[in-house]
Amino acid sequence: MDYQSIINEIYRDLMFEEDFGQIATYIPELAKVSPNKFGVHLYTHDGFNYSIGDAREKFSIQSISKVFSLSIALSLLGPALWKRVGVEPSGTAFNSIVQLEYERGIPRNPFINPGAIVVADLLVTYLKDTKKEFLEYIRALTGVDTIDYDKDVAKSEQRSGYKNSAHVNMLKSFGNIKNDVEEVLDFYYHQCSLSMTCEELGKAFHKFSDTNSVFSYNGIHLSQSQVKRINAIMLMCGFYDESGEFAFKVGLPGKSGVGGGIVAILPNKYTISVWSPRLNNKGNSYMGVRFLKQFTTRTNQSIF
Amino acid sequence: MDYQSIINEIYRDLMFEEDFGQIATYIPELAKVSPNKFGVHLYTHDGFNYSIGDAREKFSIQSISKVFSLSIALSLLGPALWKRVGVEPSGTAFNSIVQLEYERGIPRNPFINPGAIVVADLLVTYLKDTKKEFLEYIRALTGVDTIDYDKDVAKSEQRSGYKNSAHVNMLKSFGNIKNDVEEVLDFYYHQCSLSMTCEELGKAFHKFSDTNSVFSYNGIHLSQSQVKRINAIMLMCGFYDESGEFAFKVGLPGKSGVGGGIVAILPNKYTISVWSPRLNNKGNSYMGVRFLKQFTTRTNQSIF
Amino acid sequence: MDYQSIINEIYRDLMFEEDFGQIATYIPELAKVSPNKFGVHLYTHDGFNYSIGDAREKFSIQSISKVFSLSIALSLLGPALWKRVGVEPSGTAFNSIVQLEYERGIPRNPFINPGAIVVADLLVTYLKDTKKEFLEYIRALTGVDTIDYDKDVAKSEQRSGYKNSAHVNMLKSFGNIKNDVEEVLDFYYHQCSLSMTCEELGKAFHKFSDTNSVFSYNGIHLSQSQVKRINAIMLMCGFYDESGEFAFKVGLPGKSGVGGGIVAILPNKYTISVWSPRLNNKGNSYMGVRFLKQFTTRTNQSIF
Amino acid sequence: MDYQSIINEIYRDLMFEEDFGQIATYIPELAKVSPNKFGVHLYTHDGFNYSIGDAREKFSIQSISKVFSLSIALSLLGPALWKRVGVEPSGTAFNSIVQLEYERGIPRNPFINPGAIVVADLLVTYLKDTKKEFLEYIRALTGVDTIDYDKDVAKSEQRSGYKNSAHVNMLKSFGNIKNDVEEVLDFYYHQCSLSMTCEELGKAFHKFSDTNSVFSYNGIHLSQSQVKRINAIMLMCGFYDESGEFAFKVGLPGKSGVGGGIVAILPNKYTISVWSPRLNNKGNSYMGVRFLKQFTTRTNQSIF
């Protein structure tokens, strides 16, 4: 299939359309990014790379990082992880605290913020130097040693993160945070502040797109079955309250971040990363979702 | 792959285990079924059939019928359907009326009861003789002319269906039911009362498992893309509040019913039907879910 | 105190102001009433009557009737009543079904619709000819033999009462309705359709304003303590989600109806009835609430 | 009326009954108090004092302090206060964060924790040395200069107050906290840690029981109408999710605290304080509520 032509066509088509959506402003540092950035990168299982636009420019991966932290926690704890966090779609907006209280402190899944904070707490417990080891793992996944936290973004988020402070304290009140709340949030904000390019995300997620091999990087080991399950969680929960819509129209497991990035996977075929900072009303990249819909429609490939 | 051996093995293994779960008692007629029934049927894309146990015995398909009615509504209305019902997982128990009120009468998806009732309302509007045409469609899908409603089950459900009456009236109060509420419920209960075997369900769902051909039966036409989308909705919403768990552990689109049936699909590979009447605490067949977990684990095949 | 002058003054002041609020349109028959009607009637404990405007014109008392049915149920069942319905303010809009589901079919209090429907069910169980006996009781309370149901209003409400149908079916599904749902609703809609004047309501509620005597009318007996408790429920729950505001600004127990009527009580001092059909955004008479605020402020009398 | 005999009788009767309920353990420092403490103090409007048991022993007044802080905020801001906090009963348990999120950061009333925290934030904004001025006000109300914060209790609460931290951060995320969250909580925990006796509470609330005079203490001025409104809020919201029950069975405005104290008012007649540390399942003093029920029944006096 001529992926490059398809990517070029969709990119050009979308360029002529009005770009709707709004850049996230609740993290002041993110609001500085040019809203017109647009990059796409496709990395196939047989080793080919296709890209267009700002595919080699760094951006804040934000919630996409939750896939990385989940993979570490699953490797460290195995099934015991699911006593601390569920695997069901949340059915509500991504920052809702309601469900948390109703379900006595067990977040619905590891991709809503409270769930990701519980996973962060686990990493703080089990890794000696959490920030350092997390970074080494990402560098091992990508082979790119220059990937780093953006401390300005982390600080900016920390200063305005009252909702996350509410979540972590609520979780702590139910006994589902074991470490100091400030320490957990400090790691969580660093994790989210990772700066990566579409290309680098492609390399990293390529490891999760391969469900036929054992996964083993930097001491993190996952069975084939565990890699498949990470894909299942991405499909069910990767796009907040737009997960059903995304499965319905795109048909790929994936994960979005408020920095405007989306990574999606066709297992054992390819990994595709898109970046465009304007968000739709569900908090996912407006152009990113549209691009991927077009892509799976024109290639007629999806998991279904 | 030697499917028959794998099926036999899992069947035997499960037979030695204690059979947990409870038969649904809220529909008195269903409570009469022997709780020890257990049947499995696999129908591959290349035309082979494998079965064991009570695979040729009729049972009440209940909510599995929602896939059939959805396919008709999607054929008749196209994307306009999504103004009346959503495609997001519900995140709550299958009979919750809360979300309905909160979201002003638009059910989250077509597989929770309120969503299926809205779809039933659409069929009452668009089909001349709804019950007759629905039955003809099922017979066309399966090629089995003896498939019929079980009027005792339909009546039994109608007499005890206060929650569904609550739902349909709440929907009507928001203007999302166009016909008389009693007429809609009458069709809905008939649709759910269909008696079919695992084998017959396999034949019917085989049509939805084929995402490479156009779907056209008895005047109902679906594009490849529409068939894929029905699969996506099954994956996201097919198992009530256990959908995430099912995707996580089984990894196949599917649909369950309180009669104890489950049908699951590996697109373009096979359709598998399981029937065992005892239900787990999420309302899905206890043995059915366990069987399918074992099956996708041992065959190492899933959509991920 | 010169009540008549105070009433006249407030009436005149409000006349000069713009009349906000909207007449209830969900009961078509009620929408026919002139929105400019405005009547006030005060009946003191020592037997004096003061009135102005349309105080002798009949209107649909609607939810005000819930006080009458509650008094019968309390007389018949005593404390056993509180196993079927609570006494806590609802904290949500008056037609919310959420709380009902959350609290397993026990309505928060007898003045939200589901609670009043449970009370109606009790009257259907315990009174032989419910509609006839209920009417006789109202006639005994007022001494006015011409008070009657408005069958057009009852029918109109029945035809459009999908939300109440949802409630009664939800209650039935939890086992908190013992009779046929249609029979219960038929009585409930008749009860709400009662046509009375401000003056007649004053006479009826005068009996509940006397907390120093035993209450005994037409076979319905209440102890002093029970009469006080009806007043307590009126104060806590009489104005839907505006109950706190009403206690805060008016400071009297009372009950409103969507027909635009309000009756309020200063125990052992007076009963005051107001009627003005336009409703505020909480479903209570816009002018009625404003009049009563002025009245307790200028007289400097309230229960506090 | 022979109040002392009535108090003695009820006290003796309750002494013979089993003392149910449990002492609050979530504030470790409070768990040290002897659960068998039991004191009652009645202070009449004409200046008589009646007491029994541990009426002169200090205890942690906890949420009773919310009435004091509300009175300051109302004096300082007047009606502008109600833009920051409502006056409706909450209809849910006292630490629920759900409603807060649903209603965009405006707590339902000043007596649920989030509401009291908003009031605390206002005091931090408007008083120069908040802790000092608050204490001076309480000393002025009671005429007792030795009343003070219990710093051990304040610290104990701070260390375990994750739910309050969740609330204050959620409020801050909606912009309804203007000061630093830690500073607000520090004042809030001090306010709640006040140690007072039943007798001292009687003296302080005596000022709120007088609705016929202007209230003016230590620079805090309230009109008669404002004092009445504080009473209305106590009646509607003073006992968390048991407020309706308390109005129903006791019929007095009042406020409870998890230290086991309750103060109730019959306006212009008396103030009654009860202390018994074991709590019922709604978080109010088990014996305190029972005592007050008996008291208003036997005296046949209440606001209704």
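As written, the chains take the letters A, B, C and D, and residue 1 is the first residue of each chain.
To be clear about the criterion, a contact is a pair of C-beta atoms (placed from the backbone, for glycine too) under 8 Å apart; a residue touches a chain by one contact, two chains touch by 3 or more.
Which chain is which protein? Per UniProt: A, B, C, D = Glutaminase.
Predicted model only: the values in this text are computed from it and were never measured.
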Chains in simultaneous contact with chain A and chain B: none
Chain D against chain C, contact positions shared by both copies (same if over half, else different): same
Chain A and chain C: spacing of chain centres that average the CA atoms, whole Å: 55
Averaged-CA centre spacing for the pair chain D and chain C, given as whole angstrom: 32
Mean-CA-position distance for chain D and chain A (Å): 47
Numbers and ranges of chain A residues touching at least 2 other chains: none
Chains touching one another, given as label pairs in label order: A-B, A-D, B-C, C-D
Touching residues (chain side chain B, partner chain A) in the complex: 86-92, 99, 108-109, 211, 224-225, 228-229, 231-233, 235-237, 241-245, 247-249, 251, 253, 267, 297, 300, 302-304
Of all residues in chain A, those that touch chain D in their complex: 96-98, 101-102, 162-163, 165-167, 169-170, 172-173, 181
